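Given below, in the form of structure tokens, are the structures.
Here come two complexes built around chain A, the first alongside chain B, the second alongside chain C.
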Partner chain A sequence: MNRRASGIVRSLFRYAAVVFACLLALFPIYWMFSTSIKLPDEWVATPSVWFPSKPVLINYQFIFSGSYEYLIGRRPEEATQFYSFAWSSMKPIFDSLILSTFGTLIALFAGTLSAYALSRYGPKGAPPPVFPLMYRMFPPVAIIVPVVIMYATLKLTDTYPGIIILYSTLTVPLVLWLMKSFFDEIPREIDEAAILDGCSLFGAFYRGVLPLVKAGLAVTGLFIFMLDWSDFMGVLLLGGRNVVTIPLKLAEYTSGHGELYGPMAAMGTIAVIPPLIFGILIQKYLVRGFTFGAIKG
Partner chain B sequence: MDLNNPKTFTRLFGLPMSALLYFLGVFPLALEVYVSLTDWYPIGGQQYFWDSRFIGLGNFVEYFQDPLFGGSILRTVIVVVVAISLEFVFGLILALLFMDRFRGKTIFTSIVLLPMMTVPAVTGYIFRMLFLYAGPVNDALSAIAGTRVSVGWLTSAWPALTSVILMDVWQWTPLMFLILLSGLLALPQDPINAAYVLGASKWQAFRHIMLPMMKPIILVGLVIRTMDAIKIFDGVFLMTHGGPGYSTQTLSLFLYEIGFKYMRLGYTAAMALTVLVCLALFTRYVAIKPLKPKV
Partner chain C sequence: MGLRIENLRKEFGELVAVKDLSLTVETGEFVSLLGPSGCGKSTTLNMIAGLLYPTSGRIFIDDVLVNELPPRDRKIGLVFQNYAVFNHMTVYDNLAFGLKIRKTPSNEIDQRVKEVADFLRITDVMKRRAGGLRLDQLQRIAIGRSMIVRPDLFLLDEPLSNLDAALRAVMRVELKKMQKELKQTVMYVTHDQLEAMTMSERIAVMNKGELQQYDTPTVIYHHPKNRFVANFIGSPSMNFIDCSLLEKEGKALLDAGVFTIDITEFHEMIKAQVTSSELVMGVRPEDIEIMNQPSGAGSVPTSVYLVEPLGAKSVVSVSIGNTIIKALTPGAFKAGVGETKWIRYEKDKIHIMDKKTGKVAV
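So, the complex of A and B:
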């Protein structure tokens, strides 16, 4: 009996601790979301408003259409400022999508080929793994000065191809390590059997092994998409006018339009939705992604 | 060209990736070495880097005496050490809580992992809201203390650095948790059971059996987190922009400021090159080892 009681106490304690951790994890996200459905006078108030008195969608409307509800009672110059702000809010979402998608596809293509070569034939042809690892390690800002020079010379600054190449290069090491870990799980006998059946080396890869790592490809793709989608520094340094992603837009608001907490929160909410969905989808593989495939999870 | 020759085949397969890495790696690096030896300052009339004067090691001598460079390194080290220690402790506690099966484990795990999936720049912005003078953090502290607490989190030096650390801890404890959890779950059960049979307490089994066996995984976690924490930029940029004053200016923010606000590109290149060499050595001799055996 005593033993059982202590078991119940222990499990109660565990639940209390787990729920507490979940609340801590959720609270900041909740705060952003709740701000995004608050009326302007509740964005920043003393004491703060923990639960919106009347949930509204005007902040989202403002981002998508530049709703005029905000402009009532504002001075004309303020109104113009707000209007231009709203007008340019759709583009970042579009840009983020385009850049992340193509950046992911190129990195996936280049990295997967290298990973296969590395997994099957050793480090002779492909770049040795420590070299790409260093890429992942360097703060992007430390290599950016010469990249800025190069981009300016090649007219790649602030263009879609320029940023896409940057994203692919920054993430291709991860693709290499991740895909290598997936290829290593496929027995070599598959390749050998395909070659014995008369496949070329390429055929063994394309028809033999690649279909078996489809899930791995999907996981890697989603993971890389999350990273590209989260990028801030890349567009900050090499984009800005033509190419504006969601995080960059957020940064612009904090400096230029400090008081617009509601629309910013709405923008932030939109920004975190895709990575949260993808993250939960590939939850089982997140640890492998973040540890370069070192831990299989 | 014989595609069925393994050598040609691997060369060909490695080509796209090598192209990317050379285009944005090796070539810029060479350029960076040159620029670091000049006093290139575009807004001072030297529009292109070849207009600039060659000053040898001048930049390297200068940054040694630059208190802001040293200060930014010191602040980065403080953030890295404190944040990662906290992440390790909290991550380990969480991993131990989630080690056994219990009802609702899957959904609780998903919730606990949400922070690490959040866009870092957005995290910075969220924490900026949380730590506002009239924000919920001060509210919550007031409720606990019973009187009105008004800490200027973002407006005074140490509180600002604390909030940066807390932001990093919030965002990356889940990763440490995941890594340590997969380590705990992969532990062989026999030695642990043997310890219990021999009369070890839970704490003794954990301290003397489980923790030592987890050492390789712990190293992976620490190395991965160190690699990323050194780069910390996005969140800080949105939350405090390095301020107030220089109190949260980490290495990346400092390089950004000198290079792209003051446009001292030669000087920035010199410091960046030094940072790169140090980190490359760290990767080559420290980081690769824990990652390698499991590659």
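So, the complex of A and C:
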């Protein structure tokens, strides 16, 4: 009886710890979401408003349609200006999606092919080359300065291809490292069996090996997508007018146009959605991907 | 002619993996490449399959020089040690893979997959993914996938080594039966002498990249060419006793220190083939008789060192001086350690070899 009681206490304690960890991790997200449905005077009120007194969608309306009714009576003289500003809030979402998707796809394509080549035809048992990772060892600012100069010469500044090239070149080394470890775990006999069955070298890769590393590919894709999705520095220095992503827009809400914490939170909430959907889509691969290959601890 | 290899050589940098190997396999013959790991047998197989390019030498399959042909055009099937079954495909797709790549019409694929599945008795799992199947089923799929393209030459790379002992025995019989039924030319790589002995028509014993002996299992067992083959084939392995050649009063004696044997009748033959008087005598455990009393001139007193009962047989180790000799006796053998027993062997059952070169003289 005693033993059973202590067992219950122990598991209660364990659950409490888990709940506490979850609260700690989820609170910022809750705060962002609750702010996104708060009225302007509750955004940064003292004392803090833990629960919105009256949940509203005006912050979202502001982002999507430029509806500024809630601002009337508060700062009427700025209404028109807000309208035009808000109208452009759809663009960052679109831009972020385009840039991150293409950046991820290109990095996955190039990185996976080179990882396969290194795994199968590179020096046996050698670790992946350090060289491609070199420029991830410097602070990003050190890298971005020469890139800014190059881009100016190549007229790539503030263009979609420019940012996509930036994203994919910065993430290819990571794809290379991650995917190589996945490929290394697939026995060479799989390729050889496919070749004996009449596949070309590419066919052996595409039909024999690639389906076996789907999980790794999905996880790597998510990882790269989130890196691109949250990039701020790159687009701050190389974009800005023509190309505006969500992180850049988020910064703008509190710098250029006053302190619009509500729309900022609303935009932040929206920004969570695409990676979340991506994560849910590949959920069945996540655990496998994380416990297989290099990401395991 | 099923397969002909001429002076095949493979070097990996400094290392010579296969040294000027030449052998032929008749059509419909089952040949094993037998040797310890690292002896070059898998390298040889991979060169025949076209996965490795030989440094020099020529390979003919069905009298066609295939050195420059890609694997798919060599009309071979290869079964890997780890099967290399595509886990993400169903059993059906695994079997059909080679035919699909070769753009075979789908009704023909269907028919041939059914045939092969029937033959290998895997029809009940056709729709399942290969990932979750048992090892012996994977084994059958691997064989089926190679078989379905009707290869001229079937290459098997230690196909049974991942199975447990009982399954291995079953698959050994099935493989042999299958090969006979199809009159399939097979080259079988193994390090297990039991597999090689039971299944092959001829065995090629390899060591350190060199072909040691290529002959039928019986000849290899009874007339090994050198010490390596003598030692590698047979379980428990052959006893080797260092001895020297003495010539006394017109007789030739083999002096092992604690006993001598009169080998006058072999004297000329031995003398012609050895480099010095340092010799090694080899005798198989099953050719040694253990007795409680001395009988005949060849009896040697020994003391029992260890008895390992195997059920139907017992392995008895006895010591003569510092030399341990193993004998295989029928039935249960009862003796205490240290007891004195006498051993005897037929003179024509012993193998005499040169100590330095390992070459068997008699």
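Some notes on this structure:
By our rule, the second predicted complex is superposed on the first by the 263 of 297 C-alpha atoms of A that agree within 3 Å, B and C clash if a C-alpha of one lies under 4 Å from a C-alpha of the other, contacts with A are read in each partner's own complex, and residues count from 1 in each chain.
The working rule: a residue touches a chain if its C-beta (ideal position, glycine included) is under 8 Å from a C-beta of that chain, and two chains touch if they have at least 3 such contacts.
In this text the structure is predicted, and so the values were computed from the model without any measurement.
Applying the stated clash criterion after superposition on chain A shows that chain B and chain C can sit side by side. Look at A:G111: by the touch rule set out above, it reaches chain B but stays clear of chain C. In the superposition on chain A, A:P263 makes contact with neither chain B nor chain C.
Of the two partner chains placed around the shared chain by superposition, chain C is the only one that A:E189 touches, whereas chain B remains out of contact.
Contacts of A:G208 after superposition: chain C is touched, whereas chain B is not reached.
Taking chain B and chain C in turn and counting the residues of chain A each one touches, the greater count comes from B. Within the superposed three-chain model, A:G162 lies out of touch with both chain B and chain C [touch as defined at top]. Put simply, the nearest alpha carbons of chain B and chain C end up 9 Å apart when the two models share chain A. Chain contact summary for the complex, chain C toward chain A: residues 49-51, 70-72, 76-78, 80-89, 97-98, 101-102, 145-146, 149. Within the complex, the chain A residues that touch chain C are 187, 189-190, 192-199, 203, 208, 211-212, 214. On the chain A side of its complex with chain B, the touching residues are 11, 14-15, 17-18, 21-22, 24-26, 28-29, 31-32, 35, 44-48, 50, 106, 109-111, 113-114, 116-118, 121, 124-127, 129-147, 149-150, 165-166, 168-169, 172, 176-177, 180-181, 200-202, 226, 229-230, 232-233, 236-237, 246-247, 250-251, 254-255, 261, 264-265, 268, 271-272, 275-276, 278-280, 283, 286-287, 290-297. Across the interface of their complex, chain A is touched by residues 3-4, 6-7, 9-21, 23-25, 27-32, 35, 49, 93-94, 97-98, 102, 108-123, 125-130, 132, 134-136, 139, 142, 170, 174-175, 178-179, 182-183, 217, 220-221, 224, 227, 230-231, 233-234, 237-238, 241, 251-252, 255-256, 259-260, 265, 268-269, 272-273, 275-276, 279-280, 282-284, 287-288, 290-291, 294-295 of chain B.
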